[in-house]
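Two complexes come next, and they have one chain in common, chain A, joined by chain B in the first and chain C in the second.
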Partner chain A sequence: MRKHILFLLALALTVSFRASAQSFLKNSQVNGSFQTDAQYYMLDPGIDINDLYGKKFGINGFGKVNYTNGDFSAGLRFEAFLPELNGFREELKGVGVPNFFATYDNGFIGMTVGDIYDQFGSGLVFRSYEEWSLGMDNALRGARIVLRPTKGVTLKAVYGRQRYYWAPYLDRNMSFDDYRGIVRGVDGEWNLNQSIPALNDSKFRMSIGGSFVSKKQEDQSLFYYIPENVGAAAARINLGYGNWAFSTEYAYKINDPSAINNYIYKEGQALLASLSYSQKGFGAVLQVKRVDNMSFKSMYTALQNDLDINFIPPINHTHTHSLPSMYTYSTQPNGEMAAQLQVNYTIPKGTALGGKYGTKLAFNMSQVNDIVRDSVMDNGHMVINRPGSLGYTSKFFAISDHRFFRDINFEIDKKISKDWHVTAQYINLYYDIETIEGHAGAPPVKANIAFADVTYKINRKQSIRLEIQGLWEAEVHKGYEYEESEKKDYQKRGDWAAALLEYTISPHWSFSIADKWNYGNPVAEFRDHYFTGNVTFVHEATRVMLSAGRQSEGVVCVGGVCRTVPASSGVTLTVSTSF
Partner chain B sequence: MKKLSLIFATLALMFFAMGCDKIDINNTHKPYEPISGNKTVLIKDFTGARCVNCPEAAETVHEMQYLLGEDRIFILSVHAGFLAQPMGNFPDFLTEEGTIWYNNHDSNPLFSVDHVALTDGNTLSVEQIGVPVLEALEEVQLFDIETYATYDETSRHMDVKNYFYPMGDGDGKYYATVCLVEDSIVGWQTIPGGVDKEYVFRNVFRGTLNGVNGQLVSSGPFYVDDVFTSTCSIEIDSTYNADQCYVLTYIYDYDNGKIMHTVMEKIK
Partner chain C sequence: MKKLMTLLLMALMVTGLHAQSKTDLPNITLKDLNGKDVNISKLSNDGNPIVLTFWATWCGPCIKEHNALNDVYADWQDETGVKIYSVSIDDSRSTAKVKPVVEGKGWDFEILLDVNSDLKRAMNVSNPPHTFLFDGNGKLVYQHTGYIEGGEEDLYEEILKVAKKKK
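For the complex of A and B:
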């Protein structure tokens, strides 16, 4: 009898275990993605590539896998830069698993250990993110707690050290200037519409939030007292009523002398505000921004985009066509005043101008100027930006005459018939190439740009698309004298024409040929063609693209963060897939 | 739940209190304890009038000079490289010797500490020069130098005589280079956000009086009581402001380009 009881008990346990294992497996989800970007470089004296400096091949690749089971999730990302593609930082060269995490979140409390990506508000005091196309990753390795004590209230705390290419997180080598500090932050947000039942379905919407982030860094300076704890705080509010929405965030940072701000001790400030209105067929957004000494990095000697703790959102139109995107604005964390107006209107269907399908119109204008800096007294002298001093004072609403950037553009998007679709845009651009790209002494770009993008649907599966673009920069030919040594600053200047022809056989194949011609470059030897040919194959979530040809010098920007792309010639293969 | 929120709020408050260090703006510089000895250090600042980051770097180096002692640290602004090429109203401070010392690099600002040229291992960014400067100050002084400049205002002719005194016995091949330096030249300089049309260029290298490699001082063994001399002369260009001109002399080890000692004297 006892044997039978034991047998039944064992059987019950086995069945129970199998049932729970089955349930466990049933709830499991695995997803991920892989991408490889490889380029074979070739000499091309036609565009002044006379030496590859021993680098014939570059490859950037990643693979990430995430596992989810109910309230639990975990993942990792593998990366390889063997070596890195041209235009990416040399420090990326290497291979390994730089990112992994595990999270448990039951709705009331969420905890993550490992590499954390998160953002407080609009990111003015904290944003950790990864952008593959820039080779940028400032993930925070540490821990995060998210608490939702009541409906509509979210509290967060993060703690960790940021990724710095392949540098180890412990046993840091101070002789390599690796003074990375520890980043600590808290954030709270209260959504009144979710918390207060009377407001659940109200037209009036409101949420408020606040953040505080501090870095703890070692003072390794030989000359200055570097604050070992630098704090930054931000407050934000989002309001809405009916079709209207308003949001704003103000951030303040205490003294934070660094290599970026030339070791001045001034406080930092940033203000971002946005007012929008939308209804069917019409939308408008007005945004303003002020940034003053708001570079916030976890290592005071870091330069470029390394170890950014915060993110300053750009308020400029993002162009996707090749000529307009040649001159993309890069955020200036040391100071800028910016404004943007975007208006979208759809002329209704059935009207004279709207036609059968309606016509979409978009107007956008954005401008960025410098802030005004006034000198301060330091050791008996009036100085501006002197290391070890306050640096300067700046009136909050004063705008400098020094303009960094202006973009006025107008776009028409029209479906003409069942088979024809046209998008056309005109852009008037001002671009201070000296400040934004560091071409010292080079005159600003003042250009008119226009393009037309026409798609014709041959049949249900096949379509053909033609892009015609032009960029005219008349002023660069006038009054500027350059010498042999300055030619490099003019490599992409002057007039351009571009054309692209793309033939698509849905759902798998796409073929394109394109040429960009810098026919009006003030330097005769730079009047080059940049021709490319592409073949793309898509199968479900897998995409393979093979391209060959030339790439012109330029910048790649995502969210106002940019990297320089040198001119190159060769063959590129991109393979990506996800599951 | 309330307890958790309370704990969270308490931790956040503690965090606010601990998360900020405010530095007294009147006390941002660390006290400097003078390094014993009389060894001087020469920082060559390879710069350019069209280099947007150079003014900040130059300011940092001058700050270092101010802190460590203007009698111990000398700065020579060598305009060289692509961003030093003259253009329009930007000044031309290029020199043949500076271009050779620059050694085909492709960026500014770059620095060398107690080295003749930008060679492997001696090419530094502004963030990297602090430790080498302090180390160089603590080195044993091998030579002392006395410089005597005689300048004739009418002919703008200048004779320079240098005396080199070994501070101990030694051996090796040592050369000395005599440089003409003009200070406080006003001109166009690219700065972040534009051009400063009245920028003051400090310690601009105008050329050598005795060639890019200088003159031989000693070859072979030398002893503490030896005295070596060298002479050279120059006609100072009429466009240079003689009131702001200096003679800078350094003695260096010919085999590795390491500078042993530097002195600078006003010509008037």
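For the complex of A and C:
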């Protein structure tokens, strides 16, 4: 009898399996992408590259495949760093499949196992993400549940351990330099307009949210008592009325001594707020931010961008042209006060200044200063930031005179005729290179920067673009005799000129040549040219780029996170495609 | 454990059986500028083509592409009924700027916010701008990465191929 039942069950299962397998295959989709960046390095005594240290090649590559079928999706990513390109972390070197996931989401409930990318609110207490061009990936390997019990309400829970280059995810992987903790968090968000029918189409908009995240780490320190559970919480609200919008998020973290904050036992806080007004042709946004001891990593000894649990966004304008982007600000997690104002306006078509196509104007100003730190009593002494102490106290609204960064810029974007288009910008910049890049003793960069970007359309397919940029630095010691040891801090300082000429044939081809010239460097031997040539071919989602020339030492920033790139000379090939 | 896995797998198979009509638009939920949820797989345009274009406020070529598309968008809509969804991949450092930039530049597209790059990952976008064209049934028919001057004309040729004749 039992045998029969089993047999029938097996038969039923086989039939239903075959039926569903067919439908499963019929509805399934596979897509993916692939990219490889390869560089061949050459000696170039002209820019002080006298030794390649045995590294002639660098290759960063990935390939990923996603499988989707209705509510189910799964994917994996292969990565290879053979070895990593110059400027990427050495720990990346290797080959493997560091990332995979499977998700089932029917709109009411969603479950993911594997490597998770997610964000609570603006990320002040939790954000896991990946940025290929920086070699950065803090995916959480574990599980996530998302619940949407009713319209407008989303609840999330995550649990796991973060990616740390190629380190294995064993439960007790207590090697000397890898004792990552477990990260777990919950988040809830309620959008009133979506859940209350009377508010569905209201001019008034409101949503609120809150999150709690904690890490559990083991204390391996010989010098300090490291708390084994560190919790952080955040609350947020978004309000809108007609053309107005206001949003804010506040985050708080209990004491979390770490290598980044110099092992102080102070709590952390962060506040982010923005107010904006927009209507057709005009938009303005004001943002403010306060950060105080808010670095949050799943291993207390981690440095740089490793194992970040949270993300503190820099709010200043992101420049894309090569000279202004040499000095890009990155958030100082130990403390900063920042404000930013941006205005976009289009002078309407058909007016005297607007002309036939309208004229687009943009103004942006941002400034970042340090917070004020007052001393605390520790073992009978008044101290600031002493390891093992409570660190300091800080008045919430007090702003230090120590300025990290200021950027005032104005842009005009004008289509002059059917064939001519001009974009021009002026930037006034203050950049505390000592704090931001750690060049001890180097004076801050105070620079005026201007560029013009002119496009001429030859015909329907072909066009020519010319870009001219200049950077003039006011107070850098020209003519001063530098000690050998000081020189390296002046590598990219002083005045610069840059030009780029590009010829494009739509939709496939682009050819360009460019030069950057550090003609006003205070150190004569650094007054170098950085020539590059570039050919790009694009077909649908496939891109092949070949470039050759010199790359100046600098900082590459994406998404507010930066990595330093050493000067190099050579050939670069990038191939990317998606399907 | 193995039994549980088998059950789970079967449950998934059965759901597969119930899966609805096939679309290349992924099952990902983003927010619009008013904070409302928008499920990408449910985007529809009365059987007319849909363009999905990825951009960011900090991406120069994206802004150029959007300006160029905006100049011709009204004509395209009249001629083909196409609808353009513009997906901003700005993260929390610049999401507050998206609406002022869009309005300040006078763009007429439907704007969606992909704050944590969920759709960007699902659609395998490496670098913006990246533009996808779907026909009236949600089938992916064309994509293009990067923007060079005149690129919008090539996109329009592809749109014309899948548009229902309007005139």
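Just so we're on the same page, the second predicted complex is superposed on the first by the 545 of 579 C-alpha atoms of A that agree within 3 Å, B and C clash if a C-alpha of one lies under 4 Å from a C-alpha of the other, contacts with A are read in each partner's own complex, and residues count from 1 in each chain.
Everything that follows uses one rule, which is that a residue touches a chain if its C-beta (ideal position, glycine included) is under 8 Å from a C-beta of that chain, and two chains touch if they have at least 3 such contacts.
Note that the coordinates shown come from a computational prediction; the quantities given were computed from them, not determined experimentally.
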Fit-or-clash call for chain B and chain C when the two complexes are aligned on chain A: fit
Larger contact residue set on chain A - chain B or chain C: C
First (chain B), second (chain C), both or neither touched by A:537: neither
Chain B versus chain C as contact partner of A:510, first or second or both or neither: second
Contacts of A:66 with chain B and chain C, given as first, second, both or neither: second
A:193 touches, of chain B and chain C: first, second, both or neither? second
Superposed model, angle subtended at chain A by chain C and chain B (C-alpha, nearest 10 degrees): 160
First, second, both or neither for A:205, with chain B first and chain C second: second
Chain B versus chain C as contact partner of A:440, first or second or both or neither: first
CA minimum distance (chain B, chain C), superposed complexes, angstrom: 19
Touching both chain C and chain B, counted on chain A across the two superposed complexes: none
Contact footprint of chain A on chain B as seen in their complex: 1-2, 4-5, 8, 11-12, 15-16, 18-23, 25, 27-30, 48, 50-52, 56, 59-60, 63-64, 67, 82-83, 85-88, 90, 127-128, 130-131, 134, 190, 192-195
Touching residues on chain A, where the partner in the complex is chain B: 108-109, 147, 149-150, 155, 157, 177, 184, 186, 188, 212-214, 221-225, 227-231, 233, 254-255, 257, 259, 262-263, 265, 301, 334, 370, 385-390, 400, 402, 434-435, 438, 440-441, 480-483, 485-486, 488
Complex contacts: residues of chain A adjacent to chain C: 13, 16-17, 19-21, 23-24, 26-29, 31-33, 35, 64, 66, 68-73, 104-107, 117-119, 121-123, 127, 129, 132, 152, 191, 193-194, 205, 207, 238, 240, 245, 247, 272, 274, 276-285, 287, 311, 313-315, 318, 320-321, 342-346, 357-358, 360, 362, 413, 415, 455, 457, 460-463, 465, 504-507, 510, 536, 538, 540-543, 559-560, 576, 578-579
For the chain C and chain A complex, residues of the former touching the latter: 10, 12-20, 22, 24, 26-27, 34-37, 39, 57-60, 63, 67, 71, 91-97, 99-106, 115-118, 121-127, 130, 142-146, 148-151, 153-154
